[in-house]
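Letters A, B and C mark the chains as written, and numbering starts fresh at 1 in each.
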Amino acid sequence: MSVLELRGLTKSFGGVHAVRDVSFEIGAGEFLAMIGPNGAGKSTCFNMINGQLAPDSGDILCDGKNIAGLAPRDIWRLGVGRTFQVAATFGSMTVIENVQTALISHARESYRLWRPAASRHRTRALELLRQVNMQDAADRPSRELAYGDVKRVELAIALANDPKLLLMDEPTAGMGASERHGLIELVKRLVVERGISVLFTEHSMDVVFAFADRIVVLARGRLIADGDAASIRDNVQVREVYFGTGKTFAGASA
Amino acid sequence: MTDIMLKVESLSAWYGAARILYDLTFEVGRGEVVALMGRNGAGKSTTMKAIMGLIAQRQGKVAFNGDDISRLEPYQIARRGLGFTPEDRRIFSDLTVMENLDIGRQPPRRFADGAAAPQWTPERLFALFPNLAEMPDRPGGRMSGGEQQMLTVARTLMGNPLLVLLDEPSEGVAPLIVEQMANTIIELKKEGLSILLSEQNIHFAQLVSDRVYVLEKGQIQWQGTMAQLSGSPDIQRTYLTV
Amino acid sequence: MTLNAFLFQILNGLSAASGLFLIAAGLSLIFGVTRIVNLAHGSLYMLGTYIAYTFATKIGGVTGFWGGIVATALIVGVIGALIEIVLLRRIYRAPELFQLLATFALVLVINDAALWLWGPADLLGPRAPGFRGAIEILGRRLPSYDLFLIVIGPLVLLALHLTLSRTRFGRLIRAATQDREMVGALGVNQAVLFTSVFALGAALAGLGGALQIAREPANLATDLIALGDAFVVVVVGGMGSIPGAYLAAVIIAEVKALCVGIGVVDFGFVTINFSKFTLVAEFLVMAIVLIARPYGLLGKAQGAVRSIAEPEEPIRPATPLLKALGAVVLVLLVCLPLLAQSTYFGSPYLLVLGIDVLIAIIFAASLHFIMGPGGMHSFGHAAYFGLGAYGAALLVKWLALPFGAALVAAPLLALAGALLFGWFAVRLSGVYLAMLTLAFAQIVWAAVFQWEGFTGGSNGVIGVWPPPPFDKSWVYFLLTLVLAVAAVLLLRRVLFAPFGYAMRAGRDSALRAEAIGIDVKRVHWLGFAIAGLICGVAGGLFAFAKGSISPETIHINRSIDGLVMVLLGGVQTLTGPIVGASVFAVLQDTVMRQTEYWRALMGAIILVLVLAFPQGIVGAFAALWRKAGGRT
């Protein structure tokens, strides 16, 4: 059974269709990339799934439950984690406090007024930090971290509610080539270990072709291709609207 | 040395208590495309902002077209013919394409030797960026990322610059647009413009640049021609970790 | 009300709308470009009334009146330009709070300057030459000057609209509204642009004021009244939208005019005098608009202003040294009653001062709770102080409630107010929130002021003394001390609890907090309520300490005092508000009472604070340290 299923998702802004009748699904444990030109509707699609936007029509089924139009926090409670295109932490907190805040929220303890937060879920928070290799930085102010490390902490936060689906908006944006591969390898490992599904958008074709199990392509708000790396690479339409000749990235040469 | 358009000596910059740049020294010749390469956080954008006067805490000397500009305000620097297109584009989203271009408009200007700099009009820019020609009255906020990227460059060109600081033009845009940007840079070089480019995408930089400075942790770690960098997988691995 | 009377009131409303629009449009323009909410905008309007009055009476005639109006607009424009060049230019990079404080300091200084120049009495100007008569409309007589005003508003709207859309100056204003730094990087001299926008906005306010002298007297209280009205108009219309400002001005003015027109209505079971509800009606309109459209009728969500403030350090539990220091201070305070009786430097005044300081600490600590960790810059914290103080006093006066019960009821009333106002406030952020909280506080103040039969109006409530043994000042001091310590420790406890984390997470990044399941608005609403509750304690203690309470003590000045206390100590530290409140309260009780022009003195203190420490005292120390050792 699919973890997430989009059915006829449509959204327009001021009469302009940003996303038009998009349908696809993500299977359990699948690593799915969503690519397409700027303005193709990827972000709109993403923001409808994570609850920041409500679709005009269409359904978003998460384990069979329609989550279209729910608030981001409610979608999170259903087991959908997310990371942001521009990574950031809660800047006034230490690294571990960031993760603890997410764990506290997951345990529905955010309105507790008395027992200090520092003693809550610390072991579990350290364990999550260990999984992303950040345990040594646990008590450092999070705002001092290098960007690549911020991405890791954000991943630990996203894993705090044991998600079954992880939404990652351009997870490697702003990173150098080797950092990109390091981060995505880490995600891929965690995904396999925990059986999570991942939907991610990405402009780095190197990453997409190396890691994605399947690729969906959006252009002008419509789904124009859905398939494995090889079939997308050879798709004439995708080449025309998105790849170009491929001389600005490695790995896509026909 | 009239051939040197931009000469940066011992440039340092701070954000609050954090020092970002350490005594950078480099130059850009007339008609040259120079790439600043390095990982995220290496200091590429900070370098450009510091040259442009957008960072209050800076030290060192920046000479442009023969004049010292290191103590000038950003608008004074822009009025001497130094153009800046920021990484995050910063299009005026409420203004139309034409209005955005109008904000960038400045009088024609000359190089130090008296030669006229390339002069831009909306018509010429629309020829360079045909996509923009289709939407002169569209508000900037309703354009796609790729279209905004083009508008940012066009807006800067309206100031008839002698040199353009181009911050990560390939970041976050589709491969097809990246290719168009590369072609645009080659066109601008033909016009006689100098360009200082910051870039992480080596494939893109290879298509357009003459020389390269590699930044790491706010310091220049390597410099040479693009050909040298292309021919040295070792250097690429060490500093760019391709 | 007959249909004719109704239509007549509509006309009245339209003429009032023009004045509202002129001042609101200037405020909105200035905010758009400079990102500064010019609290002194009402003061510029007030200057307009006084200067135009002087022209009209000293020169007189057509020249004095009409020429005076034009000259006034120009003069106020020049004053605005000077303010921008001398003061604001230095603080564009300072945190938003400091900018608000600096412009409020101007309010104080200008008010005292007007007092010095024109004296305290109301000054009524002559009627407008050429518009002295009235025109018969709908069977009633409408002053022809009102018709003139009705026309002025749309004319100015049109002129502004054409300027903004058709001229390069207008395009630059619109571009700078979105990203002033980028405009500079494209070769535009921002300094000139900013000064001219500020001058234009000031001239509009001056014009608005000048046009009023034929209708209303020049009065020293106009500055804050005009400011409050302009805030409501701008918030309702949408910050930065000029057509929105006109639309909102019309709506607000009409609603007020209709309230006056309806007058006293007997519903059979109850009689309501609607003309007393003008302020409440204004508030209701704003509340409805904000529920439906948080950024106003024609406004849109503004992108976050690029923050220049330094990020905050993680909060850490008190170090042993700090704990020891706290214990020492506490012991000293407990001994203060003994000290006050000592022969050498003791004085009963010491205890009065001590009580003032402790009340200030509770007030400032509760404000800091939402301002610092909550990130909600309330400019109306006096409302909850007032609800506590008036609540306690009125319960004693009308229901003869015992002291203890009144002291418990005070924070509960403040809590109720904070829950109501906070529900709206947390929907906004940044300056919008600041303006809304200020508007709420003005409404509480106005209700207290206007509802004479219940609250005693401007005389306030007197004779609210605590019963024995609390009538002895040392006993009352110790009670205050116990409550102050409890309040401070309680707020600290909450900050270190999960709730405090959730509140800070919401402040650091609302989007990310929502993405980990935190209902940010609800958390901040509860935070707002807790702050209100604690602030109510301060209010209740204050009423019994002074034995009386008057509208003056809950005026906007008290809200600003709170902000100064918090900033003086440092908003990013937990001990900051305590230190700041202590220093400020001592200063206020000693220095400020020495002069009639205490407002100007207070303004000067704020300006020094803002100009000498534009990044806050903590930031200033950090910068000093960097200069000393950070750089080679």
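Basically, a residue touches a chain if its C-beta (ideal position, glycine included) is under 8 Å from a C-beta of that chain, and two chains touch if they have at least 3 such contacts.
Everything quoted here is computed from the prediction, not taken from an experiment.
Of all the chains shown, the one with its CA centroid nearest the global CA centroid is C.
Across the two candidate interfaces, B-C and A-B, the one carrying more C-beta contacts is A-B.
Here the CA centre of chain B is 44 Å from the CA centre of chain C. Taking each chain's centre as the mean of its C-alpha atoms, chain A lies 31 Å from chain B. Here chain C touches chain B in the complex through residues 93, 168, 171-172, 174-175, 177-179, 181-190, 310, 622, 626, 630-631, going by the rule given at the top. Residue ranges of chain B in contact with chain C, taken from their complex: 14, 16-17, 52, 54, 56, 73-75, 78-79, 84, 86, 90, 92-95, 99-100, 102-104, 106, 155-156, 159. Across the complex, chain C meets chain A through its residues 311-315, 317, 493-494, 496-502, 504-505, 507-509, 511-519, 523, 526. Listing the residues of chain A that touch chain B in their complex gives 13-14, 16, 36-40, 146-148, 170, 173-179, 203, 205, 241-250, 252.
Interface residues of chain A, counted against chain C in their complex, comprise 50, 71-73, 76-77, 82, 84, 88-94, 97, 100-102, 104-106, 109-118, 120, 141-143, 157, 160-161.
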